[in-house]
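So that we are looking at the same thing, I have put the structure below in C-alpha cells.
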Amino acid sequence: MRKRVGIVGFGGYSGAELVRLLVHHPHVEPVLLEHRADSSARPVPLGQAGPARIPCTADAVKAEDLAVVFLATPADVSMELAPAMLSANARVVDLSGAFRFADEATYTRWYREQHTATHLLPQAVYGLPEVCRRNIAAAQLVANPGCYPTAANLAIRPLVQAGVIDRSAGIVCDAKSGVSGAGRKPSVTTSFCEVTDNFSAYSVLDHRHVPEILNISGLEEAELSFTAQLIPIARGILETIYFRTRNVRDIQTLFDVYTQEYSHEPFIRLYPAGVFPDIQSVAGANFCDIGVKFDAPTGRAVVVSAIDNLVKGAAGQAVQNMNLMLDFAETEGLL
Amino acid sequence: MRKRVGIVGFGGYSGAELVRLLVHHPHVEPVLLEHRADSSARPVPLGQAGPARIPCTADAVKAEDLAVVFLATPADVSMELAPAMLSANARVVDLSGAFRFADEATYTRWYREQHTATHLLPQAVYGLPEVCRRNIAAAQLVANPGCYPTAANLAIRPLVQAGVIDRSAGIVCDAKSGVSGAGRKPSVTTSFCEVTDNFSAYSVLDHRHVPEILNISGLEEAELSFTAQLIPIARGILETIYFRTRNVRDIQTLFDVYTQEYSHEPFIRLYPAGVFPDIQSVAGANFCDIGVKFDAPTGRAVVVSAIDNLVKGAAGQAVQNMNLMLDFAETEGLL
Amino acid sequence: MRKRVGIVGFGGYSGAELVRLLVHHPHVEPVLLEHRADSSARPVPLGQAGPARIPCTADAVKAEDLAVVFLATPADVSMELAPAMLSANARVVDLSGAFRFADEATYTRWYREQHTATHLLPQAVYGLPEVCRRNIAAAQLVANPGCYPTAANLAIRPLVQAGVIDRSAGIVCDAKSGVSGAGRKPSVTTSFCEVTDNFSAYSVLDHRHVPEILNISGLEEAELSFTAQLIPIARGILETIYFRTRNVRDIQTLFDVYTQEYSHEPFIRLYPAGVFPDIQSVAGANFCDIGVKFDAPTGRAVVVSAIDNLVKGAAGQAVQNMNLMLDFAETEGLL
Amino acid sequence: MRKRVGIVGFGGYSGAELVRLLVHHPHVEPVLLEHRADSSARPVPLGQAGPARIPCTADAVKAEDLAVVFLATPADVSMELAPAMLSANARVVDLSGAFRFADEATYTRWYREQHTATHLLPQAVYGLPEVCRRNIAAAQLVANPGCYPTAANLAIRPLVQAGVIDRSAGIVCDAKSGVSGAGRKPSVTTSFCEVTDNFSAYSVLDHRHVPEILNISGLEEAELSFTAQLIPIARGILETIYFRTRNVRDIQTLFDVYTQEYSHEPFIRLYPAGVFPDIQSVAGANFCDIGVKFDAPTGRAVVVSAIDNLVKGAAGQAVQNMNLMLDFAETEGLL
C-alpha cells in the first residue's frame, strides 16, 4: 500500500518538481496541500486533475494520515508550518533555509531576519544523505540542503577531510546557477529580458549559503571565497572550485579521495581526467557530477561540480531523504 | 542649437531604447522626466549620470522649453499626462494605445477600459510615417503605432490597395514577438523560466492590436485572422502572412506592388525571391524587412515581415516621427 | 524476459532520445548498433558504459536476435540499412522520410533525391498509431512519421473528416520547431549564434513534410499553406492552424469532433476553451496537445497543436510503434 | 577625405562586427577583401550591396591604397597574409593570436602549431591601448589582444603594479564567454542544442590565452589559475577574479588603484561599491567595466570585469588601435 505524502508550495519550481517525481514514485501517493493562492497557473489539459488537493491544516494532514510533508516554501512560511505539520504526526522535509543551522545566530546573521521556530532547531537534521544518512532515517524534521551547498560540499568535503588542500592559500568556489533557483515569484531580476543575453554576479563573498558550506565542508570562513552568478538557463548549477594542493603527487591521488568516499554512492559520478561534467550532464537527474584537473608542476587543482538545482539541489534530494525516512530504497523514484 | 526633448517612462524597455537613440541624435538633447519611482534599476558605472532629470510636471516641462515629450507609458498614464504636456507647449509622441483610434468606442471595446482623455482624440495623428507622413509633421499629438500593427500594415496595406489579395478567402497574420513587447513590469508570464524553452500563443483572434491593422490596411474584421505568440528572445517581431492572390501572374507582380509603394522609403527593405528576413536582420535597426513567396500553380502567397519591436515598433519610429515634427531629416539618428 | 532491440544513429538527437526512453522500458533491452563514427561525444562519467554496442551488420543483428531495429538515420542511410536489418529477421522502425510514401514519385519530388530501396515501399506501414494502429501491429517495416506532420495531422485530420472546414478558403498551418529537428550534424544554420535572438522562416510553402500532411489529413495540395520556422529552443513544435468553418455553431462542435475521435487515445490531450498548450506543456512527453479557438460571428477558427519533436515527433512515437509491434501496452515506457 | 581600410574575414563574427563599426566611422571607408569563400551567408535585402569587395591580394591592396588592413582570420591565415599586406604598404591589425608573443616558443607551446612568419615577431606591437598606446601609434603590425586577456589584464595589471595582491596565495580568474568567441565555423561544440540550457568549462588551467595574461599583468604562471567557460549567449565576457590583498585597509584603496590608472581612459568604467557590471552593461560597446568587492575582516577581494568579446575583445579594440595608428581621436566611431 502506498504511503501518502503532502506537498506545500506545489506551484513553485521546487514544489512542481517534487510533484513530477512523486507521481512516478512506486511507493507513495502525493497530495497537494493548498496553503496560499497560487500565482498564475500554467495551462492544464481537460481531465488532467492531477493529485488530490486538501487544505494545508494540521487537521487535514492528520485526517489524511500523511507520512511526510514537504515544505517547498519560503523560510518564514516553513517556520510557521513546520510545527503544525509535526503536531499532525507528519514527518517534515523542509526545502527552505529555516532549519539548516543548529544555532539561531547563524540564521539571523546570514538570512537577516528573525527565526520564529527556534524550538525546532535542536531536532532538525541536515538532509545531505551522503554525509548524514543515518540521522536522516530517524529524523522527524529534515532540513533539505541549499542548492549551492549541495554541489559545493559534495566536491569539497572529501578533499578537506583527506587533507589535500593547502588551506593557507584559501579555496575559491565560483558558483553559477540557472534562474529557477530564485523561485517563481515575479521580479525584475528574474524576468526574461534581464536574464537573457546576460550573466551576472550577485552576493559576492556574502551569499547566505556560505555558512552551510562551512558547516559541512569543514572550512573556515576566511578560507572560502564564494560568489554566486546567474546563467541564462532555467535549471542547473555548475561550480568551479580552485585550490592549491598538499601532498598530492598526481591526479590519481585526487581521484582516490573521491572514489574512497563515494564508491558506493548511487548519485555521485566522477569523470575521467580531462573530461568535465556540464549542466546538460545532470539536467533532470539526481546526480552530482564531479570532474578534476591537476597541474603537477604548480600543484594547482580545479574541481568542477554540477547538479540540477531543482533535483539534487532541491526536490530530488528531498525524495532521497524521504526514501531514507520511510525505509524505501534510497534511489526509488530517482533513477 | 539642439532642441530639448523629454522622455517619460525611461525605465521601461521602450523608454530606455528612446534614451539610447536620442543621446546619439545630433540635433536634440534628451531630458528624463521622472514620473513614478522606477523599479529596480540596472547597474550604473561611477560618473555616468546620463541625461538630466526633471520632474514630470507641466511647469517643469515649460520651464525647460521641451519641444517634444515622449510618453513611453501605459495607456492610462498617457491619458493622464498628455493633456498636461500639451498645455506646457510640448508636442507629444505617445507610445501607448491611448490615442491610436479616432473613436472612443474602438478603444473601449479592445482595451476594455475607459478612455479618460477623449477630448484629445480628434487632434491625435497616427504615427506611421510611411502612410501618414504629412499629418505627422504638423501634429501636436502623435499616436505612435503598436509594434504588431507596424509590421503587419507595412506588409499588407500595399497588397490591399493594389487589389492583389483574394479577400474572400481571408488573410492570416501569424505574429511572433520577443518578450520586451510586454514591458518591464514583472509578471509570471514574462519571467525567465516560463519563457525559455517555450513558445506560446496568446490573444488568439482577439488581440487589441487588431483594430489598428484593420484601420490602416483596409481589411475588414472578418477577413483578418491574427494571432500573437511569444518567442524566447528579448526583442524582434516576425509576422508570417498568408493569402490567396488575385490577378497575380508571377512573383514580380508582388515585388512591383512593394517597389512602387516603397522605392523612396529609407526604412523598408525588400528581399530577393527565395530569401526571407529573420529577426537578426532587423535587430537594433529601424527597418521593416519584407520577403515574398508566390506559388504560381495555386496562386497562394506568403509574405514575411520583420521589425525590431523596440525600434521600428516603438522607439525608433517615435524618433522618426519626432524628426518629421521638428523638420529634421527623417533618418536622422536612425541609420 | 526482455526483448532485445537495436538503435542505429544513437549519437543523434532522436537516437539519443530513443536510448533514454528504452533504458527505462520494462520489457526491452536496448543495444547500440555502431554504424558510422559518432561526431564529438558528450562527456561520460567513469563507469557509465550504457547499453552494449555491436556492429550494425545483418550477421550481428541476427546473432543478437534483435526483435526490432530503430533507424535514427538520414534517409539515404535508412534505405541502405533497412533491407539488411529485415533480412536479419529484425522488424524495422525507420525515423527518416525514406519509407513514408507508397509511391517513389512523391519521394523524389519532395526529397529531391533517388530512392534506392523502392522494393520495400509496398510493405512499409505509416507509423501514426492514432490512425494506422492495426497495420502497425502487423508490420515488418514501419515508417515513423515526420515531426511536423504528426502535430499537423493529429489536429487537422478529424476536422477534415468531420467536414467542419470550409476547404474552399484553404487552411494555413504555421509551424514552428526547436532546433533539434535539424539533427546533430554541425551547420552554420543551426549554430548557436545564428539561432539565438532569432526566429526565421524556411521552406516557405515547399517543405518536404507537406505530402505527409496531405496523405493523412485528406487535404489537397492547393488547400494547405504550410511554413516551417525555427524557434531558438532545443526541442518542441507548435503549429498554429487557421481555417474557416462550415456547419459549426459554437466551439462545442469542434470539441465534439476531437473528443469523438480521441476519447480513448492516451497521448492526445484537449484544452478547455480559452486555454492553449505551449511547448513546455509537452516537453519530454509523448503527448500531442490541442487547443481550440472559435469566433462565432465570423466562423473563423484557430487550432494550436503542440508536441515534443523528439518524443511524439520521433523517438516516443517510435517506441509507441514498437509497443504495438511487440504487443506491449501502447503506453509502456512512455507515461 | 576618408582613408580606405580593408577587412579580411568579414564573414566571421569579429569581421562582421568590424564592418558594422567601420561603416559608421566618420574618417574611413571600409573595403571587403575576399580571401576564401564565405560559409553560408545571412539573408541580404535587395540593393544593399554594402562596402566594395576586392580580392585579398597585395596588388589589389596596393592599387586601392589601403591604409590599414584588418585580419579577422585564424592564426595560420594571418601568418600567411600579414607579410603580403605589409608588402603592399598597408599597416596591419591582426585579430588572431599569431603575433601576440615576442618569442616563437610561447606561441608553439600554447597554440601547439608551427609559427610560419617568425620574421614579423620583432616588429609586432601588442594592441592593448591602455597599456601600449604609444607603440601602437607608430606600429606597422598590431597584434590585437585576445578577448579573455583584455578583460583580465585591464582588471589585474593595476593591482599587480600597485602591489595590493598577496601573490603567494595565487589569483583565480574564472572566465565566462559567449559563443561568438569560438568563431563562425560550424562545430558540434557551438551548435545550438549543445550550448542552450548548458554551461561548461573548457581548457581548465591550460587555455592558450594564459601567456597573454601573464605577459601583461606581470603575474607568474604558478600564480594564476584561469578557467574558460561557455555561457549560452552570443556575445560577452565576464571574469570573476579572486585574490587576497596586501596592504589594503578598505575598498577605497582598491578604487584608488583603478582611478589612478584609468581616470583618463575613455573605455574603462568603474562601479560603485556593492554594484557589479554584468554582460548587458557592455553589450555592443567598447567598454571594459570593473566592479570591486573587499571583505575587510579577512582581506579577501573579488573583482568582476566585463567586456563585449566582439567589441573591446576584438573589433572595437581593433578600431581603437586603428584610430591611434591613423591619428584619429581614440574614441572615434566607438562611442
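Here are some notes:
Per-chain residue numbering starts at 1, and chain names A, B, C and D are given in the order in which the chains are listed.
The criterion applied here is as follows: a contact is a pair of C-beta atoms (placed from the backbone, for glycine too) under 8 Å apart; a residue touches a chain by one contact, two chains touch by 3 or more.
This structure is a prediction, so every number in the text was calculated from the model and none was measured.
In terms of C-beta pairs in contact, the better-connected of the chain pairs A-C and A-D is A-D.
In this assembly, B is the chain whose CA centroid lies farthest from the centroid of subunit A.
Once the centre of each chain is set as its mean CA position, subunit A and subunit D turn out to be 39 Å apart.
Chain geometry summary: the mean Cα position of subunit A and that of subunit C are 37 Å apart. Of all residues in subunit C, those touching 2 or more other chains are 42, 194, 196-197, 232-235, 276, 278, 280, 291, listed in ascending order. Subunit C contributes residues 168-170, 172, 174, 176, 194, 196-202, 204-206, 221-222, 225, 227, 229, 231-236, 238, 240, 242, 244, 276, 278-280, 283, 291, 293, 295, 297-298, 300, 302, 304 to its touches with subunit B in the complex. Taken together, the subunit B residues at the contact with subunit D in this complex read 42-48, 196-197, 269-272, 275-278, 280-281, 284, 289, 291. On the side of subunit C, the complex with subunit D involves touching residues 13, 39-40, 42, 179-180, 184, 186-197, 232-235.
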